[in-house]
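Think of it as A, B and C in the order they're written, each chain with its own count starting at 1.
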Amino acid sequence: MIKENTKKQDLLWYVLIVVLLLVPFIPQVAANSFTQHVFILILLYASMSQAWNIIGGYCGQVSFGHSVFFGIGAYGAGMAVVKFGITPWPGIIIGSLLAMVVAVLISYPCFKLKGHYFAIATFAIVEIFNRLFMVWYWVNGALGLDYPMVKTGWTNFVWYRTKIPYYYGALILFTTIFSIVRFIERNRFGYYLRAVREDQETAEATGINSTFIKLSAMALSAFLASFCGAFFVQYNFRVDPPMVMSLQVSMVFVLVTILGGAGTLFGPLLGALILIPLQEYTRVLWGGLGRGTDLMLFGFLIVLIMVRQPKGIMGLINEYLNYRKTRKIISAQPEINS
Amino acid sequence: MTMFFQVAIDGLLTGMVYALVASGLSLIWGVMDVLNFAHGEFLMLGMYVSYWLGFLINFDPLISWIASGVFCFLLGILTYKLIIHHCLLGPPLSALLATFGLSMILKNFALNRFSPNYRLLTGTLLDGKRTLIGNIVLPMPQLITSIFALVVVFIIYYVIKRTRLGWAIQATAMDKEAAELMGINTERIFLLVFGLGGLCVGVAGGLLPSYLAVHPEVGGLFGLIAFVCVAMGGFGSIPGALLAALLIGLVEALGGFYIAPVFKYVVVFGLYLLVVMLKPKGLFGW
Amino acid sequence: MPLLEVCEISKKFGSLVANSKISFKVEEGNIVGLIGPNGAGKTTLFNCITGIYKPSEGKVFFDGSDITNLPPYKVARLGAVRTFQIVHSLKEMSVFDNVLIGAYLRERNTEKAREMANQCIDICYLTKIKNTRAGDLAIGHKKRLELARALATSPKLLMLDECMAGLTSTEVNESVSLIKSLKKKGITFLIVEHIMEAIMPIADKVVVLNGGLKIAEDHPEVVVHQESVIEAYLGQKYSKKFQLAAKGRNI
């Protein structure tokens, strides 16, 4: 039964990749740069949330600090382009490695804390980083970094007239992160992550070094989140502390994943597929209703999901599948009797 | 030296207000193990209630704190009934995320209805009055608000430690099932506790507009600082929250003055991290 | 050389002495029962051996190496694996996945680990409920799942903390025969147990604790004749019954 499920999941995954590759060829998408924008954001948010999912979903350590890593990646790319005038790539690599180091350094003491204490500690860390970047002269403080005009193309990862290359860039990011998680999910590391989430004491008694597992999950998660940050700044041409390093941004990681279903492979994608179009289109359509309408709706959706189905959309889907399965059994029963 | 005392006193006065905001949060956390992310937004709405009462029908904050207290009490009860009640059975952090959703709704509601403008209530009874102790200036609005806040914290603490109702609350916090077997209606206790949490923050919010400008984002920082106070003070401990709040107010003011204003929250959050690293369950935690 | 050697272990919680200078040895291939009335310090001793607590004094040797103060996961990796008195199953995972986690300790390759997990599931009679969520199991199944997970780590020493408490008598019999068959495969056991009918017949040796002190250590049949043990724990009635039964067997 488990084998069957993985086969189904494989099929779904490959079909998904093909469909996503073909999206820019849909005439409605090719003609409309706003639609392209929405698709790019969906892929970006799904990737960010998947990166968070490794530590928050599979390993159960709900971190509200991921915007720090996202921000470090964004600043890595931004500094390379703005201050050093080179391609963003070295900045992206250095930023991501740095994010990993920072992740390990701040998580090691924080993992001693449990539940709400851990959550609040990560809030505090985000605030500290936010304020330090606000006054850090070298990274232009609160002014942020504005991209100069550079030559377009993959070397600089910048395009002005078209969004299609960004779409494929986002797709590469998405495919990479999702493939990594898909691999982890089926192997020892993935099982160990879940074991630590379910019961740390049992995990330890079964020979799992839970601290090491949590730290490596955090490091990997931060590394990937940082790549997403770099993509964001290349797409946005601008970075400042509130934009990338704030509680609001941290919440995006958490909410998209939880909305879709934490600790599941497709959860982050489902969450992004629902939240992003909703957010972007309500912003356009309901702009006339005054400020904040879109965010009110967003908030309402979060409340609704948490109240009705805390396991997210994947939870709803599983419930439906189980319901169908039991209905099959029930409808099969009379035949046996008669 | 006068400067030092002046800054320290200002910090302590702010700390007392933090204490009132934090003790509401602490109460909820201690009894239900729920972190109300919308706590700061409750404060913001409480401030708006008081502001509009003052602005439209000239009620002084010294009176309209009653109205905003009642308003936030009802808001708390409503939040419990509609949201928290359903989250208690879910995964541990679902209430936190649900109240985050609520905080987005409330904040953007305020933004939508009242615009992002900063609004300050002028011409109140205490406006511009001050008293002097030696060379230290004590502005009356701050002084009265802080003393008031402290009194409310003590009343709440007294109610919990000394009254029948308080014992029921404590019993529910320690063991919900056992409390139910003793004939306590824990559902009603939860409802009441959430209401009381709202009441604390509402009273604080009612008094603040006389010296602090109201705007939709005002709750965010207050809420965060209240979290930090509660976690630093220890799980559900009101004396802990009070001590932590005073400490944070003090550190914030001194750090802002002696290091640099932009660093004051870095110092505050740094202090918090330091404390929980040394005592993972907070100052008064068990 | 004994597989496990506990030397003068003491554990104090403030002024409360939970274990005081306890020493005993577990020889390879034996089943050793650790018994004593409630509060005798059995679980504390277990926690000291497996690294959950740091003992205040004394040393623990396992398989020739000093494991005092090692963290729990290192003790488990060396081959001394325990179960918990209050079952800690990984609730959201299936029975199979629970056991798989144990199997991964010795086998990184997923296919081989799966095979191993399947074997352990068969041994522990859990095949039928392989895909059930562990949180939904009945207590008897949960206890057997604990055993299966521990077994999947291919331990040298299995330490079972009241793995039969709360089971029906049929289930107890099943567990007893399971332990016997595992002993034949060369696994050593250290078992904390309250159900005398279950532990006495299979144990090669029992260690009796009372009030944090070791009061006896010998064959089960010898132990039940010791006055201190009878007083502390067994109660005259059961002891007599046991003696009679033993006599009956001899005749």
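Worth pointing out:
Basically, a residue touches a chain if its C-beta (ideal position, glycine included) is under 8 Å from a C-beta of that chain, and two chains touch if they have at least 3 such contacts.
Fair warning: this is a prediction, and the values are worked out from it, not measured in the lab.
Each chain's centre was taken as the mean of its CA atoms, and the one lying most distant from chain C is B. By number of C-beta pairs in contact, chains A-B lead all other pairings.
Centre-to-centre separation of chain A and chain B, using mean CA positions: 32 Å. Remark: chain B and chain C have CA centroids separated by 51 Å (rounded to whole angstrom). Centroids of chain A and chain C (each the mean of its C-alpha atoms) stand 44 Å apart. Note for the complex: chain C touches chain A at residues 50, 52, 71-74, 76-77, 81-84, 88-94, 96-97, 100-102, 104-105, 108, 110, 113, 131, 149-150, 153. Within the complex formed with chain A, the residues of chain B that make contact are 29, 33, 35, 82-83, 86-87, 90-98, 100-105, 107-109, 111-112, 115-116, 220, 224, 227-228, 231, 260, 262-263, 265-266, 269-270, 272-273, 276-277, 280-282.
Put simply, chain A touches chain B in their complex at residues 62, 109, 112-117, 119-121, 123-125, 127-128, 131-132, 134-135, 247, 251, 254-255, 258, 289-293, 295-296, 298-304, 306-308, 310-311.
Contact residues of chain A toward chain C in the complex are 1-2, 186-188, 191-192, 194-195, 197-199, 201-210.
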